[in-house]
Amino acid sequence: MAGSSFGHLFRVSTFGESHGGAVGVVVDGCPPGLCITVEEIQAQLDRRKPGQSDITTPRKEEDAISIMSGVFEGRTTGTPILLLAHNKDVRSEDYQHLKDLVRPSHADFTYLKKYGLRDWRGSGRASARETLARVAAGAIAHKYLRERLNLSIVSYVEQVGAIRADINPSTVTNAEVEENIVRCPDSDAALRMIDLIRQVQSEGDSIGGVIRGVIRGAPAGLGEPVFDKLHADLGKAMLSINAVKGFDIGSGFDATHLRGSQHNDPFIITSAGEICTKTQHAGGVLGGISTGGEITFRVAFKPVATIAKEQETVTTDGVATKLSASGRHDPCVLPRAVPIVDAMAALVMMDHYLRHKAQNL
Amino acid sequence: MAGSSFGHLFRVSTFGESHGGAVGVVVDGCPPGLCITVEEIQAQLDRRKPGQSDITTPRKEEDAISIMSGVFEGRTTGTPILLLAHNKDVRSEDYQHLKDLVRPSHADFTYLKKYGLRDWRGSGRASARETLARVAAGAIAHKYLRERLNLSIVSYVEQVGAIRADINPSTVTNAEVEENIVRCPDSDAALRMIDLIRQVQSEGDSIGGVIRGVIRGAPAGLGEPVFDKLHADLGKAMLSINAVKGFDIGSGFDATHLRGSQHNDPFIITSAGEICTKTQHAGGVLGGISTGGEITFRVAFKPVATIAKEQETVTTDGVATKLSASGRHDPCVLPRAVPIVDAMAALVMMDHYLRHKAQNL
Amino acid sequence: MAGSSFGHLFRVSTFGESHGGAVGVVVDGCPPGLCITVEEIQAQLDRRKPGQSDITTPRKEEDAISIMSGVFEGRTTGTPILLLAHNKDVRSEDYQHLKDLVRPSHADFTYLKKYGLRDWRGSGRASARETLARVAAGAIAHKYLRERLNLSIVSYVEQVGAIRADINPSTVTNAEVEENIVRCPDSDAALRMIDLIRQVQSEGDSIGGVIRGVIRGAPAGLGEPVFDKLHADLGKAMLSINAVKGFDIGSGFDATHLRGSQHNDPFIITSAGEICTKTQHAGGVLGGISTGGEITFRVAFKPVATIAKEQETVTTDGVATKLSASGRHDPCVLPRAVPIVDAMAALVMMDHYLRHKAQNL
Amino acid sequence: MAGSSFGHLFRVSTFGESHGGAVGVVVDGCPPGLCITVEEIQAQLDRRKPGQSDITTPRKEEDAISIMSGVFEGRTTGTPILLLAHNKDVRSEDYQHLKDLVRPSHADFTYLKKYGLRDWRGSGRASARETLARVAAGAIAHKYLRERLNLSIVSYVEQVGAIRADINPSTVTNAEVEENIVRCPDSDAALRMIDLIRQVQSEGDSIGGVIRGVIRGAPAGLGEPVFDKLHADLGKAMLSINAVKGFDIGSGFDATHLRGSQHNDPFIITSAGEICTKTQHAGGVLGGISTGGEITFRVAFKPVATIAKEQETVTTDGVATKLSASGRHDPCVLPRAVPIVDAMAALVMMDHYLRHKAQNL
């Protein structure tokens, strides 16, 4: 209830601060008998890891994950799975000068107002380091979805600042996404994005952008009527990621300019005799329930708050002061956020699949 | 778990199909002692009601609400409140011709795939008539928030098709919103919106748009870290409304074009000695927790699916056919959706206030 | 969260006071396609109804139930089912003299302390009239369990005061339970129980007893490890019934006197080659999970609090006074509680079946 | 949803098998600012620890607990608290011979039926080692309840086999409970209990009994109407403890023999002008809500299943065989279960206090 759990039937509960003892997650409700290895989970974590390229933070965090329960002889047992990453080489002294400040557009101020005290080391619980727990749990969900439903998820950077990629969501592959350090499968746009990020970095600044998510192979029928619509839960999942400020599905905000006769997706019969839609403006969801078609959505990231440029702020005592961050931070969070979007999508789809299975299959 | 409940501590559970016996909601967890009357609830329902102007559907639905439990001598008792609206004058025969069709961009197809059967009368559970239950429950939450916290919510139509209003969210009032039938407080834009809607209507078509929501007086500290961030729950709430395809908070999608140095909101000290932010790009939420400043967000509505223009579709047996809707439908859902946005915002704020109170106050 | 909902996947939310507008329940998560009629539900309600014999209260409450949503053409649609019973012929003036009293062993005092106000008409939300909603919801669950799993539930009165019946739980049938007005299938004991209840009634007093519940045909594997053990949820379900003060499963409290070598149930092989237990001390549950054997449990009811005999009490202002109840109350609640025990057992089994199905089937 | 979490607002999620990497718990929703040390938690764990006396198992498990998150500079931060105990010196080979057996009255059979596979080392997730996580979490809840409400919990062994202690629940102290190794504050009865346990142990057998729980200082108003009655949640909490088969509150099963005029607790006025009850048959709860008086309940434990005496059983392949356990097991689980009862009571009271605070304070 205090906000660190997600999902009803495939339920993940994360814990940990960036500079506490450990960060991790308990996954409860995983079906038994799924083969899963540390290496499969670690592979996803490595996509999120700091220091993976020169356009990410040079921090060298140890994201080595351990499976501490719920897996026996390589298979899930159906009981809670603890995934744990110890915090190492934390340099809490780097944050000492932030102890009595509230950093602009960070959670320092709101945590202090909410709880009356805060762990000021490395953003505490508000640290993006928490997202490694999501990626780890998502790797398990994704494996199950692939094996059981042949469902796959591909996310990629679609936009950085004003640079927009030209990509066909229906054919893009994860291998293409991994071809460059910015995780944009349009290689021309990728080069320009990388240039922009380096320029922003050299200016001591940061830049935002958009990640596109694509889910293929979702069966029709996932999602619940009314409040727990599939795209409502996808939206919540994405909006819960650090630095995300917007979400839309299918035509999304662009649909607001359209007429019904333009936006409606006519139903047609495939050569195999299946009912499907001719166009995909709805993004694969009707009435909150998956159609069986491709699900596509966008996730808007603000420029990260930590910048080297000098900024105005105040101390917790209310005295005006200046702040220049030391600079072990990402100029653009999007390349490392791609596996987080993948993971959150997997968690949503997994939970909704089990919910649907319980009632209707 | 089947999706018809929302909130954890102020928990609403809606029920009802458009052509079944009744539509309504159980509100559990309302604090005791709140004075509430049927008239106060009905006033909000009348803003959502069909037939309220010539740019809404001419259907004359009875939305008369009754309080059936949980209120004694005019005050809430702390036990579940049942709010019930009987369905009257339903013309199920109007839908007879839709029985064996799947209407484009409607939930007919997905409900059939999910449940194996569907109530084809008036969209069944997917009908927007369900939203009257949300508005009724929201009226109770809003009353409590106003009385206890002096918190108020104002939503309005900001955009219809390409017509965008010019409104200062910080000063707009509910009275201004109610000054015209399109619920856009920029009177010039409102006239153009009304013209556009009438034109679309005459063409047998529909049009989308954007509603802006503004929450004033929210105390700092509402929202939970990690998954249940305040804006993640606002996003889910809005995305669960029929026809909504997108959500953003503060600068939202526009923030993706900005540098951190442009987007960050510097902290300053007010003349009263309070810490607040100089700008409001964050939309009143940092790290998922309210700052104490104004909360602003946008909700993107697609053009409604039901149009009089002829469309291609298929029967449930998979035979291609044509469909022209009979036309008792809204050409633009936004004017009637304003109180729904208000209501969902109230439900989110109420639940998060009680959650914060439980742990931290 | 405010306590009026039960179950996770087959979720029932009850509402209503005895003298408000209506009492009822929303059932969310019911699998679609189940045939259910008002008559099937009403048949169970009639077993709970006041005035059914001379050993129950002579109150003539209208328990006529309506299905208001979630059922279309006789089958469940998968969406929320509203079951509603209007309150009729309520004589609130009968309770006027109780308005400023706290009745001994009633909830008047605790509701007042909890909420600061209370609906004093007919015990308000604490009225046993609420249990009709449980019986109605349980009838749907029981039908599903019978059809899908061939699971059946039989409950009966095993003890009234010191009179204990001699019944073989493994062979008792619902028809036998219905053979007499006290719902004890040992006809000799039943006669003595009825005599005792009449005597207690004539003395203006009340008497407690024990109901035995038997669940047959539950598949192995229902129940969750650790907190949501099957018998823990059965226990909670039973303890939530008005006037219940104790619960045990299998040998229960008697097991505290036994040695492990006496209590352990040896595993054996049936002639059909199935593994089962030779004895049934565990009551059909091991480690919180059903074995596939018969599940048996006991539910202890206190004597009902409302008695005609004069009692000491105080006013809400703290003045000592005397109270003699007017006497339209049950001298022994057990005969009418049998269908409530049936219903709560059905709700627990249904929810656990869906939970098991979601994760493991 | 898979059963390893407890509580709504003070929510504990346990994980871990006896022979996996670690056992522990995530506590989410703890109010911020509570001072808590590892030593305070360890003190409770030491009461549960194996090997603490000659009447408990001689296993030497390492129950050393670490606080891995959610506590900063000695105080809770309001974010999830991870409490972790690594498994050390596990002798999985001791269990090798049990790999293909289903032990009588153990969870081997039901886990296998539920999940299709099981971790056969040391009972896996069904191991009582899981309860150390409950004790650790309960220590935090108990500390908060003592500091904030002056609420205290005392549990003790009331009965072992047929030996029943004579103790006044209203005056017994935790110091008295700790005076002997059986944790029965009636020293005469304690000696006889210890003798009985030693005798049972020498026979290679086990014995059951009853623990009494007493909660003092609970304010009036805790517990929810209808399903989440305080005693229903206490009952579920206790029934979820390994080897527990029964629960009752106040007069409990004994109340079934009483008349209403004997059982009802008259309300009186104290010399301080407070309303309270003259007698305590209800056990401190009316209508599911605490009265402000002492809460007393009983918990029935069966004799533990693991015994050295030879027993009949079958292999997982369905072949009859014999089993004699090796003997590092408790002949009577009650002395070590006392802190578990304390802990579960603390978790229930804590959660209900926060729920009450959210809605009504």
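For clarity, chains are labelled A, B, C and D in written order, and residue numbers in each chain start from 1.
Quick note on the criterion: a contact is a pair of C-beta atoms (placed from the backbone, for glycine too) under 8 Å apart; a residue touches a chain by one contact, two chains touch by 3 or more.
Predicted, not measured: the structure shown is a model, and the values here were computed from it.
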Query = Taking each chain's centre as the mean of its CA atoms, which one is farthest from the centre of chain A?
reply = C
Key: Pair sharing more residue contacts (C-beta pairs) when B-C is set against C-D   = C-D
Ask   = Are the two sides of the chain A and chain B contact the same residues or different ones, given that same means over half of the numbers occur on both copies?
value = same
Distance between the centres, which are taken as Cα means, of chain C and chain A, whole angstrom = 46
Ask   = If you average the CA atoms of chain C and of chain D, how far apart do the two points sit, in angstrom?
value = 26
Query = So, what's the distance in Å between the C-alpha centres of chain C and chain B?
reply = 39
Task = Can you tell me which residues of chain B touch two or more of the remaining chains?
result = 1-5, 8-9, 14, 29, 32, 78-79, 114-116, 125, 225, 355, 358-360
Remark   = The chain D residues in contact with chain B across the complex are 8-9, 29-32, 78-79, 225, 354-355, 357-361
Ask   = Mind pulling up the chain D residues that touch chain A in the complex?
value = 1-5, 8-9, 11, 13-17, 20-24, 26, 28-29, 32-33, 66-70, 72, 75, 77-82, 84, 114-119, 121, 124-125
Note = Counting only contacts in the complex, chain C reaches chain D at residues 1-6, 8-9, 14, 102, 104-107, 109-111, 113-116, 125-126, 130, 159, 161-162, 200, 203, 205-210, 220-221, 223-229, 231-233, 235-237, 239-240, 245-253, 255-269, 273-275, 277-278, 281-283, 285-292, 300-307, 309, 311-314, 318-320, 355-356, 358-360
